[in-house]
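Labels A, B and C are assigned to the chains in the order they are written; within every chain, residues are numbered from 1.
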Amino acid sequence: MIPLTRKLMVYVVTAWVAITVNFLLPRLMPGNPIQTMIGKLQGRVTPSMQRAIQLQFGVGLHQSLLTQYGNYWVQLFHGNLGQSITLSAPVSTVLGGTLPWTIGLLGAATVISFALGTLLGIALGWRRGSWLDGLLPVSTFFQAVPYFFLGTVLLLVFGSDLHWFPVLGNYQRGLTPGFNGPFIFSVFRYAELPAITIVLSSIAGWMLGMRNMMITVLDEDFVLVARAKGLPTRKVVSYAARNAILPSIANFSLAIGLVVSGALLVELVFNYPGVGNLLLQAVLNQDYPLLQGIFLVITLTVLAANLIADFVYVALDPRVRQEG
Amino acid sequence: MTVHADDLAPLPAGQLTPPVPIKGKVTRAIRLPRSPKVIAGLVIIAAFAILTLVGPWVAPYSPNDNSFAQNLHPSAAHWLGTSNLGADIFSQLLNGARATMVVGFIAGLVATVLSVIIGISAGYLGGGADEGLSLTANVFLAIPGLPLLIVLDSYLPTAGRSNTLLIGVIIAITGWAWGARVLRAQTLSVKRRDFVEAARIAGEGRIRIMVFEVLPNLLAIVASSFLFTMLYCIGTYVALAYLGVTSTSVWNWGTMLYWAQTSNAPLTGAWWWFVPPGLCIALVGTGLALLNFGVDEFINPRLRAAGLSRRGTRQAGLPRHPKLGLTPVLRSPSSRPGASAPQTQGSASGPAKVAR
Amino acid sequence: MSAAVAPVTAGGGPVNGPLHLGDPVLEIRGLCVDYGVGEDAVHAVVDASLTLRRGQVLGLAGESGSGKSTLAYAATRLLREPGVITGGEVLFHSRPNAQSGPNAVTGTADLLDLDEGELQRVRWSEISVVMQSALNALNPVASIGHQITDVLRAHRPDLNRAGRTNRAIELLEMVGITGDRLSSYPHELSGGMRQRAMIAMALALEPQVVIMDEPTTALDVVTQREILEELIRLRDDLGFAALFITHDLSLLIELADEIAVMYAGRLVERAPSESLFRAPRHPYTHGLLNSFPPMHGERVAMTGITGSPPDLRAIPSGCAFHPRCLHAMDRCSVDEPQLVPLSHGPVPAGRSPREVACWLHDPRSAVPVPEELAQPDPAGPAPDAPAAQQQEGTS
C-alpha cells in the first residue's frame, strides 16, 4: 500500500503546515493586528480571556517563538482552539455546534452533485450528438455564476416570490431539536434550496469531466472487445464507465476545495447557521481566534474527505495497488 | 509498473482528458476554430476585454458620485438605475469591469507562470526536486483556497487591502498548484519522447531543454490551464470583495454586490443593482469556459464534434455518431452481388435469414 | 427465439468433424467500405471477396493502410466511426457446437443484415476477435478471470457460477496459464501471458471463426514463435477457422493454408500458401516476398519495392500498384484489373481457385509473363494451361 502511505504523508504535512501557518500568521503580519484587536476590547478583557489570548498569540509573555510553538501544540492536543472574542465562548464549543450543519448540507449536496453529474456525464459520452448535448453549455453557465449570486437569485425567485421553499435558517423556529419527525422533516425542507444552489453550481465540473473521459475511453480497444463479445449494452457501458471515472476521483481534492468555498458563501446567502456564517462574523469583527479555528477545522475536514477519496481510488484501480 | 494517481494526467475539472501526444516539434499552423462554442466564447471575451479598456472613459458618470436621486429604477438617464446612496449603477458596472478583469488576468497569469515553472521542473528533474515540489503543490492543493485567503486578507492592514496587485498575487499563490500538477504529469510523458532524449544526448542544458523542447509541446495545456485559473481567480476575487474582506472602496463587480447586499437590495427588489454585476461575472466565466472547450478539443481530437459530416449523414439518414459495434450499412440494391453472382460450393443463394 | 436448433448440440464433441472441414463458413462477397459519407468519403476497401473455410487458416497480408483490418472489422460490423459499409454481403454459414450454448443458431445469414440483438447472439459464440495489443484489449480494472466469465455469463445461461469458473480455469490451462492466475489483473501478467489470456478469452465459446488482427506484432520474436505454435495446436484441437491478419508474410508460411494479399484496399492475389510462396503471380506479392531475407539457403540480393503505398484519397488510375510496378504496361494505368481465377481446371474440394488481379496474366495480353511471376505452381495446374473462357473482369 505504498502509494497510500505517500498520500497519507502529504496530508500529515498539509495539516502540519496549516497549523503552523495559523500559528505564524498573527505573529508575522505587519501592523500588529493582535494589538489592534486587544485595543478594541479595551476594558472588556476578563482575566480568563487575557490568559486565552496569551496562550493563543503569545502576547504579553516573554517566551521564545519555539516555546510558544510548543505551547500551541499542547493546547491543540487538548482540543483548545482558543476563546472567541465576540462570542465569549471557547472556539471548539462554538464550532461543535455549527460544524455538523455545514457537513450535513455540504456532504449531501456534494454526494448528489457527484452522483448526478457522473451519471449525466456517462449518458453524454455514450450518446454523443443527442439532445443531451444541450446540457453542456447550460451547466457551464451555471458553473460560471458565482455561488452566492446564484443563491441570491434562487432565494428571491423560489423562496420569497414563489414561496416554494422556506428560506433563511436551518429549521422552523419553535420546533424542538432532536430525533423527532417534524424536526427532521423541517431540517430537510430548509436545506433544499441551499443544496440545490450548491448542486447547480458544481455539477458542470463532474458532468463535463466524466463526459470527456467517457469519450476518450470509448476509443479504447477493450471497449470494442466488449462489444465484440456480444455483452449486453449496459455491461459495455459499465466497463467504460469504471475506467472513465478514475480521473474524477483522482481530481477530487481540487473539486472539493472549490465546492467548500462555494458552500460557505451559500450559507451566508441563506442565513444557514453553519461555518460560513461564523466565518463572516469572525471576519467582520476581527475575531482572530475564531477565524483561525474555523480555518483549521475546514482544512482538516477537507483533508479527511480527500483521504476517503483516495481510499476509494485505490479500491477501484488495481494498477496502483502495488509496486511493479 | 506503478501508476500513481498523480501520473494519470489529471486535468482541471472540465478538462479531464489526456491529450494526444504531439509528434516532434510543434510547428503546425494554428487552425482557426470552427466550433460555434468557441466562437461564442471568443466574442464574449473580446467584448469584455474592450469593456475593460474603455469602461471608465465611456461611463457617463463617476461611480462615486452620489448626487443623484436614490433607488431610481432603470431609465434613459440612468440605464441601470441608482443605488441607495444615489450613485449611477451603470457607471459603477463599467468602472468595475477594469479591476475585476485585470486582477483576474494578472492573478491568472502569475499563477500560470508559477505552475509552468514548478510543474515542468518537477516533472523533468525528477528525484528529490520532484518530491519536494510535488509535496508543496499537494499541500497547497489540499488547503481550501477561499478560507485561507479570508484569513490572510483579514490580517492585512487596510493599506494592503486596497492594493489590487497585492491581492492578485496572493490569490495567485492559492491558484497555481492545480496547473503545476497537470503540467508535471504531462512533462513526465513528454520527457520520454525521442526528441527530448536526443537533445539531452547532444548536451543541451537542462533549462534549455525544459524551455525549448518540453514547453512548446505543452502550450495547449498551458493555455487551458490559464483559462481555468483565470476563471478561478475572478471568482475568488469577487467572492472576497463580496465578503468585504478586500477594500470596499475599490470598484469591482464583487464590491458592487457587497454594497447591494448590505443595502438589502435583493429584499427591496432592486434587481437592477445586484443582477447586472452577477450576470457580467457569469458571462465572463462562461466565455472563458467556452474557450476552454475549444482548447480541449484541440488537445484531444477525439472530443471534436467530428463524426460523420453533417450533410452526408442527413442525406444518408444516419446518426452523426453511429453506435459502437454496429457499423452502418448503406447499400444500394445494385451493390448486392447476391442476385447475379455465380454459385459457389456450399453456400446458399443470396442472403437468407437465420433459420431459427 | 432460441434454439429449435438443437440437433447439432446433441452429439457433443467437435462438430467441425471431417464431414464439414473445407466447407465455407464465412463468405465475404464484393465488400466495399468507406470512411465518411458523401463526396469526401475515402474508399478504404473496394470490392473484396474472400472465402474462409472450416478448419483452415486464411492469411490476409498487406502493408499498413492496405485495408486488411478494415476489411475484417467491417465484415463483423465492428468497424469504428466514421466507417460505413457501402456494398457487398458477408454470409455466415453457422453450424454451432456444444460450447456455443443453448442460444446458438444454425443456418446462413448475411451479417450486414442482422440487427443488434441478432448480432449479439452471433458475436463471440460463433465469431470472435483477437486483437493486436493485449494491454489495450483487456480491461485494466477487471481480472482476466472476470473477463473470461463475462462472455460465459452472457452466452451460456446454462452454466452456474461454479461452472463458469471451472470453464475459465480450463481455458487458461489450455493456453498454458495456471489456474491460480484467474484473479490476476492484466498489468500483472507478462506480454506473452496477456496475449495467451486473450486467446483463451477468444476461444471461450469455441467459436467457428476467429479473426486475429496482428496478434503477435507487439511481441518479441521468441514469444511470437511460442504464440504461433500455440495457435497452430489450438486450431488442430478445436478446428476453428481463422482469419490471420498481418503485415509480415513470413509468419504465414507455416500457419496459413491460404493467403490473400491486399493493396490499397483491393485484393490483388489469393492462393494456397505453398503456391503463393513458391510461385507468386502478382508483382506486389513478389516484391513482398523478396523484402525479407530467408534464414536458410543461399544469399540473395534484396530488392524490396520502390516507392510507398498511395494515399487512399488519391489512388492512381487503373491498377493502384502500377506506379511502383517493374512490369507496368500502358494498359495498367488505364484499366483496373479485377481479381479473376488464373486457370479453369477442376478445383479440389474444400479449396478456392487461385486468383490474381493483374493484366500481365490476362491470356489475351501480348506481353509474355515475366519469369519470376511464372514459376511452376507446386499445388495447382500449370500456369499457362489454356482456358476455355476468360472473363473480361467480372464482378
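One rule holds for everything that comes next: a contact is a pair of C-beta atoms (placed from the backbone, for glycine too) under 8 Å apart; a residue touches a chain by one contact, two chains touch by 3 or more.
These numbers come from a predicted model, not from an experiment.
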By mean Cα position, the chain sitting nearest the middle: B
Between chain pairs B-C and A-B, which one is joined by a greater number of C-beta pairs in contact? A-B
Chain centres computed over CA atoms; the one at greatest distance from subunit A is chain C
Approximately how many whole Å separate the CA-defined centres of subunit A and subunit C? 57
Per the centroid of Cα atoms for each chain, what is the distance between subunit B and subunit C, given in Å? 47
Quick one: subunit A and subunit B, Cα centre-to-centre, how many Å? 22
Touching two or more other chains - residue numbers and ranges from subunit B: 1, 307, 321, 324-325
Which subunit C residues reach two or more other chains? 78, 80, 119, 187
Which positions in subunit A touch two or more other chains at once? 219, 224, 227-228, 246, 317, 319
Subunit B-facing residues of subunit A, complex: 2-3, 6-7, 10-11, 13-14, 17-18, 21-22, 25-26, 29-31, 33, 128-129, 137, 140-141, 143-149, 152-153, 155-156, 160, 204-206, 208-210, 212-213, 215-216, 218-219, 223-224, 227-228, 236, 246-248, 250-251, 253-258, 260-261, 264-265, 268, 279-280, 283-284, 286, 288, 291-292, 294-295, 298-299, 302-303, 306, 310, 313, 317, 319-320, 322-324
In the complex, go through subunit A and note every residue touching subunit C. 219-222, 224-232, 235, 239, 242-243, 246, 316-319
Report the residues of subunit C in contact with subunit B in the complex, numbered from low to high. 1, 3-5, 23-24, 27, 29-30, 32, 36-38, 40-41, 51, 73-74, 77-89, 91, 93-94, 105-110, 112-114, 116, 118-119, 187, 349, 395
Give every residue of subunit B touching subunit A within the complex, in rising order. 1-6, 8-18, 37, 135, 138-139, 141-148, 150-152, 154-157, 160, 178, 231-232, 235-236, 238-239, 242-245, 257, 261, 266-267, 274-275, 278, 281-286, 288-290, 296, 300, 302-303, 305, 307, 319-321, 324-325
Footprint of subunit A on subunit C - complex, ascending: 76, 78, 80, 119-125, 128-129, 131, 133, 136-143, 150-151, 154-155, 185, 187
